[in-house]
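The first chain written gets the first letter, and so on, giving A, B, C, D and E; residue counts start at 1 in each chain.
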Amino acid sequence: ADKVELLLDWFINPDHGPLIVAQQKGYFAEQGLEVSMVEPADPSMPPKLVAAGKADMAINYQPQLHQQIDEGLPLVRVGTLVATPLNSLVVLKDGPVKSIADLKGRKVGYSVSGFEDALLHAMLEKNGLTLKDIELVNVNWSLSPSLISGQVDAVIGAFRNFELNQMDIEGHPGRAFFVEEEGVPAYDELILVINAKDRGDDRYSRFMKAVEKATQFIVNHPQAAWQSFVSYKPDELDNELNKRAWADTLTRFALRPAALDTERYQRFGEFMQQQGLTKATPSVDTYATAP
Amino acid sequence: MDIRLEHASLHWQQHCVFSDLNLDLPSGLWTSILGQSGVGKSSLLQLLCGIADDAEIGGTLTCSDGKPLSGRVAWMAQDDLLLPWLNVLDNVLLGARLSQKRNVRPEQKELAHYLLSQVGLGDKADVRPSDLSGGQRQRVALARTLFQDRPLVCMDEPFSALDAINRLRLQDLAASLLSERTVLMITHDPLEALRLSDRILVLQGQPARLSNPIEPQGDTPRSVRDEALLHLQGELLTLLAQECA
Amino acid sequence: MSQLLRPVIIALGLTLLWQCIVWTTDAPRYILPGPLSVIATLIEQLPLLLRHAGVTLAEILIGLLLGVVLGLISALSLATWGGLKRWLMPVLVISQAIPVFALAPVLMLWLGYGMASKIAMATLIIYFPVTAACFDGLRQTPTAYLKLARTLGADKRTQLLQIRLPAALPAFGSGLRVAASVAPIGAVVGEWVGSSTGLGYLMLNANARMQVDLMFAALLILALIAVSLYFLIDLIARRLVPWQSDTLNSPTTGRSRSR
Amino acid sequence: MSQLLRPVIIALGLTLLWQCIVWTTDAPRYILPGPLSVIATLIEQLPLLLRHAGVTLAEILIGLLLGVVLGLISALSLATWGGLKRWLMPVLVISQAIPVFALAPVLMLWLGYGMASKIAMATLIIYFPVTAACFDGLRQTPTAYLKLARTLGADKRTQLLQIRLPAALPAFGSGLRVAASVAPIGAVVGEWVGSSTGLGYLMLNANARMQVDLMFAALLILALIAVSLYFLIDLIARRLVPWQSDTLNSPTTGRSRSR
Amino acid sequence: MDIRLEHASLHWQQHCVFSDLNLDLPSGLWTSILGQSGVGKSSLLQLLCGIADDAEIGGTLTCSDGKPLSGRVAWMAQDDLLLPWLNVLDNVLLGARLSQKRNVRPEQKELAHYLLSQVGLGDKADVRPSDLSGGQRQRVALARTLFQDRPLVCMDEPFSALDAINRLRLQDLAASLLSERTVLMITHDPLEALRLSDRILVLQGQPARLSNPIEPQGDTPRSVRDEALLHLQGELLTLLAQECA
């Protein structure tokens, strides 16, 4: 079988559902692939390692991909895992912030991804504010705790399928403002990238076929898929939070993971350049392909 | 103040240095102890000074005024024990620096300077101990002991590193400055003991015992040409040589 | 008896303190869980915790070994070639000051996501304290010993190994103690940078999922490892210098004598 | 002359080494950029870098001060109350072994995301090496000095301050040196956990934006701060013990005499 | 092998200890140096042994066989310099341990044991130096020096911490073991110098000069009751006292 070493973006969570299910159900094996998955703690590392040729494939975020391409990393997008943004601006449900306009003069926490000020900038602009009207605080790994404990009034970078559930379980339900409804063009949250020199390698088309099959299985048999997902690491994955996140993530998996919406990528690339995060907007086929 | 040590015993780990030893230090007298190397002289001195920490000790120590002895002894160790981070003057002043809360008084400083000049080191007050010769270090330690002004003064071979001339001069100095004090001195030089002491004891044997005191007559410091002294020296040497037989 | 009792009392005391902090500051569960719930989680998840602890322990021990050996060799080299020190010391300091995190990508690139990179991290963290302490010890050898050694015909190497090194052992012991106490951090930080096993991974993972109980349980085990390691090393360090008396345990501290 | 030349040569040497690593390992720019592009970025972004460096420097210095003072006090207390040691040492070791990261959320909760929490981190990291080194020094005071002090009428406190403390200064110096070299890590780690200024923040941000040049430029400045700090402290530590000869700089190392 | 030191000078920082000093050590003879404390005796010894590192030194040192002296001197320092981490036996064996690559040979061990028993410490071989008395430490240092077996032996007050009896015994021991060697000894005891030496020099003044040698006759060790010796002792003491005037 052909080997594929896949670097995830973070520890295994429901966002990785199709990958885990494909692995557990043997869909990769059906395609003649032997996939090994590594969980890193720093999401910015995997694309670099793939670009450096140290791994075959990595999970990436679309906004980051634009920046990486801009910096000259030889990466190519070959698939989409989650086809909508998950990122959102979260505030406490019973807190003082009822609309984005209420953020004026307040603190917004974020976990550094390199992209949050662009998001915020677009969202605030739509509501008549600028970045100067708020204070940005890097809270790194404690998005929900810093919000719940009142250290910040809002956090950007929270995943709607994850942090909202987390806060709910803690008894401090949150309210999410969805970025794509607040002036940010829609984008793919989680994508799969490979090194540009591997472009056309048929391992990845087979890989995407397996992922597509897993996604169909998940949509058709949510409960069985959940069982299959937790069977990967029963003592770590089987908990309340994952169960709820699973339910919220089901609807967001890309049903055609290999398909590429060139126009959407083009539009978002222009948005990135307009926000000053990239210097140019190269043509989409240089960095994305549908294997 | 008379000091009396009774039924004293001292063990270093298993090794018994002495047991059931009695020692009288009559008030105002200068007592010297001689004895073979390793017989237990320094140990006895440490026992008296209350610093024989690692040893197992026994016995009773009484002062004629009923108060405890601790805090009233000056100890001059066999090695000089100068603190390397203090200069010579501060080493002499150490007693004042350590025992009083306030700063050193000017008259104490003056006394220290005087003592330094008396031991022949008036020009070395600002020097660090590491820059001194062996005999100079010993003289600083002596000055420190003399500075302390305690009722009982215990000195462990205080003149051993000095040349003949300096030795005589410092013996005279010590004799005059300590004339009113109770003194216990360890020495290996019979003539030195005879010159300075009112009572001379020999420590010998294992476990060690003290001999009967030899008591030279006359005012100290005595002249070393004295006939009686030379006679006593012969007696002492016989006593010391006894053990080797 | 008191040897056995003391750790228990300390543990209980700390637990009580912890509980008091929880009570007085009213810290919410997701920031500082109470000791009881943590211990419950600990017992419940013991197999999971032990599995990860094994990995971390292995990393710590290998890292400690490598760090100490490398540190010792460096200190000896610095001491042997006097000139080297002026040139190499700044480099060592820089190497220490660069946060290992920043080096992580480079390390990952060379060593991959396996155990090697974590061991490298732990080694890096341990390396400097050992080198610095041991080197300081080596350079403070009493001059007279060295003079004696020279008249006895010792060449530079012999002087270093037979005079400087034994004289530096107390300082080396101090370095070892510091190393033992930072080694766990090294391993955990290594795991944070990238891995799917080990207590560091577990803690980060639990933290991300707000399973703060589990995170603290992992922390507890880590603390246990660290303390055991420290006291083991302390014992060894004491054995290294049997001629050095610990003046705090002897009565020299000024027990007043009454007789 | 050579005093001024040496750092320059070392810097050049390291730069060359760096460039060689880049050439030989063929590391891509986004993992290990070459020195030239980093220096270009450094010059270009100097105002930005300096602004953040100022914050970090302040955190380091205050953390160092606090850590050293607290460490010294702890060591003195441990030495004063002999019994305390057996009870407190395990606690100190635990405190050291718990990765500051894990405490970060708790610290942030209490101290907020301002400077205080970063200073606390730096302090925490420095605290233990200083305490351990100083305590080791205190407990190895030559017994004879303490006996002498007792006969001189020194009470326990005076013994501690006038005998044990000076005797422990060389060890304390070693502790200071280690502290100086880990302080920058403390501050940067604090900034990673939560902040909006400082070199650590800048590095994190640059890393996320793939501005690896900028990240390494920040790293360069951090290294510069660390090295300056180390040599400053080294100077101070030497001043502390003027009576202690450095046997490596004197010719005692075995220069053979020919006459 | 004759050793000749010419135009020697030694400064500690600013302080000039001696300059333009000449010293001859004729082959196979025992030379003693006396002199006031702090006059520069130990410094001179260190200069000869090549270990006066912190001092500024000058002069030429020549051996009659043309080879350099370094590596052919045994040095016994004024303090004992026993290494605290080695036991007594290993301290005596130190020369062997430091100078040869291989392990200590059995016959060397035997020799060390023999020397220890000769200095009266046969039962202390396994003890650490910290558990010894001052005189015992000095005896170990002496045993170490005797063990070394070098053409030139330099000893700095080797018997100063010993009692009269042990001192005589160890003087005899040293005299017999070093009979073929060139020896330079520093001492404060004129009688000791007269008993052991072939040539006695007095170092005095500032900067220090060496007096003309006093050369007692007869085989060493001499009896201390010898008339001629007592006469010479008087001469020596006058020489020593001169400076004070």
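The rule we apply is simple: a contact is a pair of C-beta atoms (placed from the backbone, for glycine too) under 8 Å apart; a residue touches a chain by one contact, two chains touch by 3 or more.
Note that the structure is predicted; figures quoted are calculated from it, not measured.
Fewest steps needed to get from chain A to chain B, stepping only to touching chains, is 2. Contact with both chain B and chain C is made by D, E. A count of contacting C-beta pairs for C-E and for A-D identifies A-D as the more extensively joined pair. Ranking all chains by how far their C-alpha centres lie from the centre of chain B, first place goes to A. Using the mean of the Cα atoms as each chain's centre, the chain most removed from chain E is A. Chain centres here are Cα averages; for chain B and chain D they lie 48 Å apart. Note: centroid distance chain A to chain C, computed from Cα atoms, is 38 Å. In this assembly, the C-alpha centroid of chain B lies 27 Å from the C-alpha centroid of chain E. Chain A and chain E have Cα centroids lying 84 Å from one another. Each of the following residues of chain C touches two or more other chains: 31, 105, 109, 143, 147, 150, 154, 159, 192, 207, 244-245, 250, 252. Among the residues of chain A, those touching two or more other chains are numbered 48, 52, 141-142, 145, 149.
Multi-chain contact residues, meaning those touching two or more other chains, occur in chain E at positions 50, 53-54, 79. In the complex of the two chains, the chain A residues touching chain D come out as 44, 48, 51-52, 64, 67-68, 70-73, 112-115, 135-142, 145-146, 149, 151-152, 277. Chain contact summary for the complex, chain E toward chain C: residues 46, 49-51, 53-54, 71, 73-75, 77, 79, 81, 83-85, 94-95, 97-99, 128, 130, 148. Of all residues in chain D, only 27-31, 104-105, 108-109, 112-113, 192-196, 201, 204-205, 207-212 touch chain A in the complex they form. Of all residues in chain C, those touching chain D in their complex are 6-7, 10, 14, 25, 27, 31-32, 79, 82, 85-87, 90-91, 93-94, 96-99, 101-102, 105-106, 109-110, 128-129, 132-133, 136-143, 146-147, 150, 154-156, 159, 164, 170-171, 173-174, 177-178, 181-182, 184-185, 188-189, 192, 200, 203, 207, 215, 219, 222-223, 225-227, 230-231, 244-250, 252-254.
Those residues of chain C lying in contact with chain E across their complex are 143-145, 147-154, 158-159, 162-163, 166-167, 169, 241, 243-245.
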